[in-house]
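Note that chain A is present in both complexes that follow, paired respectively with chain B and with chain C.
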Partner chain A sequence: MASVASGRSLSRAIAPYAFVLPPVIYLGVFMFGPLGRQIWMSLTNTRIINPNAGRYIGLRNFERLFSDSGFYDSLRITALYAAASVVLGVMAGVISALAINQPFRGRAIVRAILLFGWAAPNVATSLIWLWMYNGQSGVFNDIAMALGLERINWLTSAEMALPSILIVTVWQTAPFVMLVILAALQSTPEEVKEAARIDGADRLNVFRNVTLPHILPSVQLVSLLTAVWAIRRFDIIYLLTGGGPLGSTSTLVVKIRQTAFENYELGMASAYGVIGLVLALLVAAVHFIVERKRAQWMAR
Partner chain B sequence: MAFRLNSRRSFALAMLAVSGAAASGQIALAQSAKEPVTLVIANSQWVDALRGKNLWNALLKYKQVAPHVTLEQEAIPSSEFDNKMTTEFGAGLGPDIAMMQEGLFYSIADAGYLVDVSKAVEGVKNLNRTNDNGVINGKRVGVAWQRAVYALIYNKPLLDAAKVKPPSNLDELIAASKAVTAATGAIGFTSRHQIADFGGWFMDFQNWAYGYGVNWVDGKGKLTINTPQAIAAMAAFKKMYDAKIIPIGDTMPTQRTRFKESKVAFSIDNSGGTLNIASGGALAAKDLYAAPLPFEHPGAHQQIFVGVSTHSKKQKAAIEFLAWLVSPDGQQALRDASGPDALATDVPITEAFRAANPWAETFAELAVKSRSTLIPGREVDTGPIMRTVMEALEKVLVAGADPKIALAEAQKQADSKF
Partner chain C sequence: MITPMKITLALVRGLLIAALVAFAGFPIYWMASTALSVNSELYSTGQVPWLQIQNLPALASELLALPLGRWLMNTIVIAIGVTVLSLALGSLAGYALSRFKFRGRGVVGFLLFMTQVVPEALILVPLYAMFIAMGLLNNLLGLVLANVGFSLPVAAFILKSAMDAVPYEIEESALIDNCPRIGVLTMIILPLVMPSIAAAAVIAFFAGWNEFLFASIFLRDRSLWPASVGLASFIGQYETPMSAVMGAALVFSVPAIVFFLLVQRKIVAGLTAGAVKG
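Presenting the complex of A and B:
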């Protein structure tokens, strides 16, 4: 009996580790392993054409990187793109969620239409937008001409390229934000709202004092995700502008691609990647600090 | 007794057999190795509409000589080809045989991933100069697949409708383009013009650069970016860009499709691209013509080499295949599918093709003086060096920078980087 009991307690002790083991192996093989390799490569002069022949060169890649004005430009563009993606994407998503949360006829159809941007593959989406932005035969310039305006160089002018990409980004990320916020909205307790209304709160006050605090954690989460995705986003930017014109859309990720696949400098590209990783970690750290402070405040 | 390629002697015999087959039309190579073998051949052209199929069918004729060999495609779009190849080769994987643009070919060769294929051309007396750059550091690591020279192509019915003649200089090109647009509504001229198209744009721009007499490197190997010739070439490109004759923002596939659909009067394109335009579109091949580039000096060509990977476990079979490819049978098979592109040996285009494609003759003539898009002695670094140049050109086009100042900055950057 004792041995059966000790066997049970042993298996109970092992069970959590057994459950955790598969994801640990997965993360180790597919995430931490490559990550470690990337960090190592950032300290070498590895070329993509011969990835096993890289030589250790210390921090020389980072020295080159920090002395290159193009790096600071790409950092600035990445930050601008990420911030605008978060602000506009989350705002559009929250507004859509609030609208779609109201009962009206055809709500399911509208919801499906709004979700299309999220469901469509990025490459297909980018190619469709590329055509719509086309200077000669794109629908946006057709509209501009119909309104008596000049043709607009949506993707070929340094002023318009980033805003044009942001429009596509928001069109694509807002539906996801909408879904998450909608779920949060639908779990908002109706009785609290009702109580607020009975106490004389108008719609704006109900939203500000009941709905908003309830959906705020979800807003924070989607903001974090949107920011990290924006820092990592490559396909839309690369397909629409390739980082141009005049580097106006050259984010860190586009720079990584250019360094690795056009200049063949895998070591240098890895150094760019490490900076990108630090950026993403910083965003995540800010989120967790804010989240912890909020939890502490709630616990008081 | 099975004849196996286990020694140099037997290999030499196999080569002799190839020569014999070539001379007599008999099939001898089939005897050299009877074990089934599959050769994977990577080429971006496999995905080209019509041309890809024709080229592949040409290679399948090898089956008649070597029935034990199965050829398998690795088809990758040209925009991704270099990335995929460098990644695969770098990882110790990849195809047995690859058809590579000259720039990629040099990089792969420089990394030591291409085997010596000199045995494939042993005894071949008629290799032409398109094969010269296949010898790197005294070792033949590639043979020519195709050389596609550039020319000014035009839609003759549109020119006739506007009553204009093929231009012989830039001002005439701009005037003729505007005249066609005014008369027919068609687009005047198409040209790559965006950094998003960098890989193709820098090669296209070499036509302008060479056309104005540019040499990106001097006799001592020093980079010469900000020369008066380069300034003139950039100013000329800017003049064309500002003349509102090209559809700003169009990618090259869109431009070619527009030309194919008879909506463009002029373009500067290579013979491979022109063959694509002439195949299966609204514009009949008989209405597509070509003229020399509207510049003072000759232009550029794109060259594709065939190489055998050091990672291949079937190198002997791959070299045998190459031996067939440069034999008269292989070259004739390739000629029929290659339009007017120059091949590894001088195989004239057929009368029937010439008659159906009036544009072809000009390309053949221009091939005599064309230059590689790569910078001599800087072949491996040509891409990064030209990025510096093209970014300067982008500043001139988009931000209105002075070509002289933009090129002076590019020279500084190039001097510090290369």
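Presenting the complex of A and C:
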């Protein structure tokens, strides 16, 4: 009996690692190994012609980065793009959710259509918007002309390119936000709303004091996801503008590809990537701090 | 009681819904309209705004001229590979996190979460170098391996939160009967969390379906391209008729859209669980 018991306790001690090691080793090889190597590369002068002969140069890439106005541009563009996609995407998603929360005839179809942007693959999304934004034969300019307006250079002018990409981003993000908020709305306790109404609260008051606090945690969560996705987003921006015109849409992530595969400077490209990673981590950290504060506040 | 206030409110809501539907639905409609257009029209007299169903046979023959079937096949291979490997590794990680208190548990959870903020572009170059050395460049397997790193953690979080809800007593009797842990996981726990497995599978499948960045760098042979890279190759290229490009984009999108609509609730539950549990 004793030997069986000790055998079991041994197996109990080893068991968790037997399960957790294969995925951890996998991530070590295909995610964190490459990630570490890339961060290390940001401290070297590696170029693509000699990918294995890069020399350690300390923080010189970052010094160059911080004295380069192009870096501040891309930092500003990334921050602006992320902030605007959170504000606009979450706002559009919340409004959509509120609009279709009450049952009405044809709601299932409306809801399905509202989800198109989220479900369509990114490359297909890029292709259709590219075509709709087309300067000569695009439908948006056809409509503008029909309304007697000037042609708009949606993707080919430095002022319009980022707003144009934001429209696509909102089209893509809002449906996900809508689904999450809709789920939260439908779990709002009806009795509390009813009680508030009996106490004489009008619609606006019920919304502000009952519904809004109930969906706020979900709003915070989708804001985190939207921000992180915006910082990471590559394909849509790259396919629609390639980072141009005049660098007006080159976010940090787009800069990685340009610096690595057009300027062949892997060290510098990694430096851009490291800044992008830090930015995403900061957003996540803010989320977790707020989340912890709320948990403490709720526990009181 | 119907008050003017209520009528106005209903009207405003109706208009709002109409505007949202137009914004959300128009691009997909326009994709179909372009696909069914005659190409000479597109650049001269302008696109016909309705669907010209009579052009369907012409579109079909245009599509057959593209290697669309082959591209879709590659996409499916990648997506299935990503799904299978993510589920296998993700269920191991999810089970360990759900059932054991062990040293390093917090670290594992943090590492899994970290993957969700790493930009894909940041590991592109080292993976490229690694795949050259391993002979995985220009190889669909390499693409699967690169993508699993991002979808395995999502699967792990989804399965962990589902397993947390399974009472421990259920597996206890099996353990007393000396059933090995791995048997407990595969024969007792996994069947009980089937809906969450489905959710994780769908998310992984569409991550593979959507994959573009790695594929565009790692795959040289046209014959290995997934549909995403094949479609993107038309950008800035004028020989391919726009109607065929949009038709191909539609063929690539429709299965994804239909499938997403069928399982959307599960995906949302899964993705938000993954984000919270970090």
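Note that the second predicted complex is superposed on the first by the 268 of 300 C-alpha atoms of A that agree within 3 Å, B and C clash if a C-alpha of one lies under 4 Å from a C-alpha of the other, contacts with A are read in each partner's own complex, and residues count from 1 in each chain.
Criterion: a contact is a pair of C-beta atoms (placed from the backbone, for glycine too) under 8 Å apart; a residue touches a chain by one contact, two chains touch by 3 or more.
Owing to the predicted nature of the structure, the values given are computational and were not obtained by experimental measurement.
More residues of chain A are touched by C (comparison of chain B with chain C). Look at A:270: by the touch rule set out above, it reaches chain C but stays clear of chain B.
Contacts of A:38 after superposition: chain C is touched, whereas chain B is not reached. Using the contact criterion defined above for the overlaid structures, shared-chain residue A:290 touches neither chain B nor chain C, since it reaches no partner. Of the two partner chains, chain B and chain C are each touched by A:136.
Using the contact criterion defined above for the overlaid structures, shared-chain residue A:123 touches chain C, although it does not reach chain B. Touch criterion not met for A:212: it reaches neither chain B nor chain C. When the shared chain is aligned, no partner comes close enough to touch A:59: not chain B, not chain C. In the superposition on chain A, chain A positions 51, 130, 136, 261 are in contact with chain B in one complex as well as with chain C in the other.
Contact residues on chain A toward chain C in their complex (touch as defined above): 11, 15-20, 22-24, 26-27, 30-35, 37-38, 41, 51-52, 95-96, 99-100, 110, 112-132, 136-137, 139, 142, 171, 174-176, 179-180, 183, 218, 221, 224-225, 228, 231-232, 234-235, 239, 252-253, 256-257, 260-261, 266, 269-270, 273-274, 276-277, 280-281, 283-284, 288.
Taken together, the chain B residues at the contact with chain A in this complex read 82-83, 86-87, 89-91, 107-108, 110-113, 187, 194-199, 247-251, 254, 383-384, 387, 391, 394-395, 398-399. Residues 47-51, 130, 133-136, 138, 153-158, 240-247, 258, 261-264 of chain A are the ones touching chain B in the complex. Partner chain A is touched in their complex by these residues of chain C: 13, 16-17, 20-21, 23-25, 27-28, 30-31, 34, 42-43, 46-47, 89-90, 92-93, 95-97, 99-100, 102, 104-105, 108, 111-127, 129-130, 145-146, 148-150, 152-153, 156, 181, 185, 206, 209-210, 212-213, 217, 227-229, 231-232, 234-235, 242, 245-246, 249-250, 252-253, 256-257, 259-261, 264-265, 268-269, 271-272, 275-276, 278.
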